[in-house]
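Each structure below appears as structure tokens.
Shared chain: chain A. Partners: chain B in the first complex, chain C in the second.
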Partner chain A sequence: MRFLARLLDRAGDRVKKSPAAPLYPLIEAVNAALFSPDETARQAPFVRDALSTKRFVIAVVIALFPVLALATWFYGLKVPVMLVVAYATGAVVESVFAWRRGEHIHEGFLVTGMLMVMIFPVSTPLWVFVIATVFGIVFGKEVFGGVGRNPVNPALVGRLFVFLSWPALVAPSAYPEPAYRLFEWFSPGADAVTAATPLAQLKSGALPPDASLLQLLWEVKPGCIGEISAGLLLLGGLYLIFVRVVNFRVPLGMLAGSAVATLLLGIFRPMPDLVGAWLTGGFLLGMFFMATDPVTIPATRAGKWIAGGLCGLLVVLIRALTPLVEGVMFAIVLMNLASPLVDEGVRALERRKEARHE
Partner chain B sequence: MNPVDVSPLTILVAAILTNNILLSHYLGMCSFIALSRRIDTAVGMGLAVTFVSTFTTALNWVIYHRVLAKGALSWLPGGLGAHVHLEVFSLIVFIAVIAAFVQVVEMALERFSPAMHQALGIFLPLITVNCAILGVALFMVIRGYGFLQSLAFGFGSGLGWLLAVLLMAGLRRRLRFSDVPRGLEGVGITLIVTGIMAMAFMAFAGMVRIQ
Partner chain C sequence: MSVRHLTLPFSSPYRFRFRAEPSSAPVVIDGSGELRVGRSEGGLGWSSRGLEPGAVIPAWEPLAQAATPWGAASLAVGCDVRVLAGFDRRAPARLEVAGTWTPAPAELSDREVWLRHFAWLRLRDPVRGGVLPATVVPDRLFVSLFDPEPLVVPAPVVEPEALLPALAAWRRAMGAPVPVTLIATREQAERWRGTDVDDFELDVLATDGVYPAHHPGLAFARRLYPYGFGRLRYAWTDVETLHLFEAALARRPEAGAVPLRLAGCRRDGVARVAPWSVIDPGVLDAPAGALLVQGGLLTGTAAGPEPVVSPADRAWTFLTADDRREFLWFMNPGISRDSSSPLFVSHYLPWVRRELGAGLRGERRFCIACNRCEVHCPAGLDPQHLWKCLRHDFMAEAKEHGLARCLECGLCSYACPSKIELSGEFRRAREKLARPSAADRGQEEAR
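Our next item is the complex of A and B:
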């Protein structure tokens, strides 16, 4: 490894002085992807505390790793392969953009790639997965200038595009039942024992009477790869909040917003199951790992509460009022889109309050 | 579904969320891009569009169903009107009505509320050529809405446009900190974000059906 590092360093130095100087960022990008660079940040995103973006990213990867391991156990070798595909695709796209911009490749993709795997069912064909990854990175992130400048979560942009383009391939009807498959390759033909997810059961009436909330928390559930265990997601999310990588305002806001929406719905129809809604589908995954992305939520504290509340409200309303089974993806993207406006509103109110005090 | 059965309230919600005139029909795009650069102009234009769209839709409904539609002139004496149908003129009449309405509103505002006129400024005349307003009038005819339904549809479409342009104005403020490739600056990146927004609004697509 040290040999490779020295080789890349030397190649970088030589290219910088040669006529091929425009190629330098490409070599630097590969270098930065493989080895930790010895430079400090010179461009956004600057984080305002002792955490660097690298540490930030690693914390999220640590928090998601148990889920990934469990999913590999129950869905087989395709899960780690999807991760490799996501990282490889991401590395190619990011390198091209980093090279064109003359910037370094950014480690932020480690999170996006991992989330990309989390939000797809294992039955997704790999080509669909690659298209989602490319679309998400290009139109969700790179056209805005890369990590830290995107208005919307890039993984969700890719998921949204694929969801609307090939609904049958990634929709809940394609979710396979988890079973012990550790050293097996998931093949949609043989393994296509699709199961009604607990979320779908909630939607079509109620959970089976023998399903308790504790079971929802600890048992493995059919769904997207990252939705396999609510318990592990909860642990990972609490870990992120504990190490202060993720702020607690958006998740709490989401819980509050979904509670308000549930109560509102309860006026007009039998009230939906609130805790059941939290523990099923992508609620925990989205709440801890996507809705909290610091780049795409409001910067003001009040704004974070409002955006989280809006997101929770939308999740419950979309799940209840539309034919869609899952609303978390849409709710988070809509919340991301509304975030700058929420910030503006909060700041305008603050300005008005200050003006009144003077 | 027979459009006569749809309640105006449903149409109002649908026009804002499910069948947003901008995000699902891509109408009113040029002023959307031009005026989402600043939040205050976005609010001004959004309110003006809502106002004009509500009233011209109502006005156009009356003109279409009392003058232009087949058999609409049968109230003329001597059975003269029963055989006339002037639907072919609806497009040009709608445009004329919208333009005239905007002119009248502008003059009235200038006379009675100069401050408001100052605030809306150039947006009012611009609405004359906003295809969202004409689109609303034409959809109203195609879908066979009644008067109250048309009123709700015009109002809702205006509100939906206001919502979209407000969201975009906020996002574009944020995008100033982005580093967009040179070829995509301005209109290009706005269209890309509009596309993402339109995809996100697909969440509401199945909520209510109005056509």
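Our next item is the complex of A and C:
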């Protein structure tokens, strides 16, 4: 391994001085991805925490990995292939933009690519998936300045684009029933055994009476790839909170917001079971992995509670009052767009409190 | 008047564990016999009138003068020196030591000794940052009884009987009953129960002995009664400085040297070196490739090839670079809250099982708004927001958000996963704010 490190170092040095210098960021990116950095702090503090952006990103990938493995078991080889496609597309788009800007390649697309796979049904054609990935990364992130400046979650932008452009391809009617397909390639024609998702059943009030909450938690469910198991999502989310990659305020706020909305709406009309609504559809996936994307949520602590609550509220409102079955996607995007405003408000209130103190 | 006891409610979620136990044996280090005095020593602009090359300046005679709004400050050395070169725009003045250290002449008043002895360079302004000019009589003096940075050494035992005379000596030099606040660990504060002082106001502020609880700015930022923020002139120093000045007044020889705690090299201990003297790093017996940091790991500065002993230095730390580069290092997401040193892996962290790496390579300072800086900020600021304001030159917004409350403790930079130099940026912005514009200075003088 030391040989490889030395080789990369030397290649980087040589390329930097040669006419191929524009390729240097690529070698640098490979080097940075494989080996720990050898650069040193030039100013205080001279010690830095071991948690770097790369670790941040990889923690999310690790948290979602069990879900991916389970989905591969039930939906077949197309799932890992989709991940590879998403990563390759993301890497190309990210590299092109980084190269044009003269910046280093950021590893943020590792999370976006993983989430892309999670929020599409396995029946999505690969070409649609590639278009969604490119659209999401370019118009969700790069046009706003790249990593750290995206106003909304890029994966959701891609999903929304497909949702509005090819609604039939990703509609709940296209969700296949999970079955053992580990070594098979999913083809919509042959495997189009579509099933009503538990969320749809919950909405129409037709959830089978024997479906207990524990079953919703542990059994595999039809839906998008990432919605296959609520239990694994819960475990992954708790892991992220435990390693402090994800802030606990937004998920808790979302739970609280949805509970309040369900109680209030329950006065006027019959509402589906609250915990059932949490465990079905994309609620857990969105709550732990999308709504918590730190770039798109408010920076202030109070703002995080507010945004989480707002998001939970919107999920319930959209699920109950619109013809849409699923509302998590829209709720998160709306919350993301409201975050700067929430931050402004919270800061203004804090300042007023401060002024009173002085 | 009895001593007032206060408690600072601060406990960090996080304890630094840099540890080394400097032996108490004094380490003898000789300078190269040359002193280098910077032109902007202590943040003042020194004029070099009289610093003709070849001239000999007797001990305790002013080398240079600087005008401050509160009167003229002077810089002096405790031994005869021959001038090699005066102040240059960039380069420091170079002086050759031509005699041994002598005590201050008996006819110098206490105030004069204070103005000329280098101890004043060890008084910081905790609110604005930087050194408090010697000519200022502060409205309150903060004395840290412990120094958790750079190394967690056991907090020293400070006996009231030893410290009170040193405080009295300093207050004599001020010529005013300056109130004093001692910042102590809980154990240290216990020793001060039952102590009485008769002629001035003394507070004892008990804190957790956690970095950066020793910083008076924390008491301001946490709105601890009864100290207002930024209205008055505060000074902040440590026990060693008070003892140093007490020795200078008593004309004792230890007043001629800066006490330096050495950590990380083979000669750990307390060294006494003449201020401004140039040190050959070889005599310090540091491990090969080690970096000398003047000050602590969190707030110090990297020394150049010819380190100059700054009068404000309290400790020198050595860090060794680890050349081991791990394959797929990021696949081990650090759950550990330990401060494994990433950029330099210090060799005195033996209990860190894996030296995890993280650094600047491949990271182009994208803020991912993770808010870890806010979690770590002891002053309750949002460093991320502040940094973005500064980057876009929104000075008014930065000021309103509380740039003045920044302690410059370095914890935000420490925690940042993108390795953004937050605290360095804030330090520069605060320096820019504190630097009085020409108009301000004129107003002060007119008053």
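Criterion: the second predicted complex is superposed on the first by the 309 of 358 C-alpha atoms of A that agree within 3 Å, B and C clash if a C-alpha of one lies under 4 Å from a C-alpha of the other, contacts with A are read in each partner's own complex, and residues count from 1 in each chain.
By our rule, a contact is a pair of C-beta atoms (placed from the backbone, for glycine too) under 8 Å apart; a residue touches a chain by one contact, two chains touch by 3 or more.
The structure displayed is predicted, hence computed values, not measured ones.
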| item | value |
| --- | --- |
| Chain B versus chain C as contact partner of A:143, first or second or both or neither | first |
| Chain B versus chain C as contact partner of A:18, first or second or both or neither | neither |
| Contacts of A:106 with chain B and chain C, given as first, second, both or neither | second |
| Which superposed partner A:212 touches (first chain B, second chain C, both, neither) | neither |
| Which superposed partner A:330 touches (first chain B, second chain C, both, neither) | first |
| Touching partner for A:351 - first (chain B), second (chain C), both, neither | second |
| Per-residue contact with chain A, leading partner among chain C and chain B | C |
| Interface residues of chain A shared between complexes with chain B and chain C | 44, 146 |
| Complex interface listing, chain A residues touching chain C | 1-2, 4-5, 28-29, 31-56, 58-59, 62, 103-106, 108, 146-148, 242-245, 247, 294-295, 299-301, 347, 351, 357 |
| Chain A partner contacts - residues on chain B that touch it in the complex | 39, 166-167, 169-171, 173-175, 177-181, 184, 189, 192-193, 195-197, 199-207 |
| Residue ranges of chain C touching chain A (in the complex, touch as defined) | 18, 223, 291, 293, 295-302, 319, 321, 323, 325-336, 338-344, 346, 356-364, 366-372, 374, 382, 384-385, 400-401, 410-411, 413-419, 421, 423-424 |
| Contact footprint of chain B on chain A as seen in their complex | 44, 101, 139-140, 143-146, 149-152, 157, 160-161, 164, 314, 318, 321-324, 327, 330-331, 333-334, 337-344 |
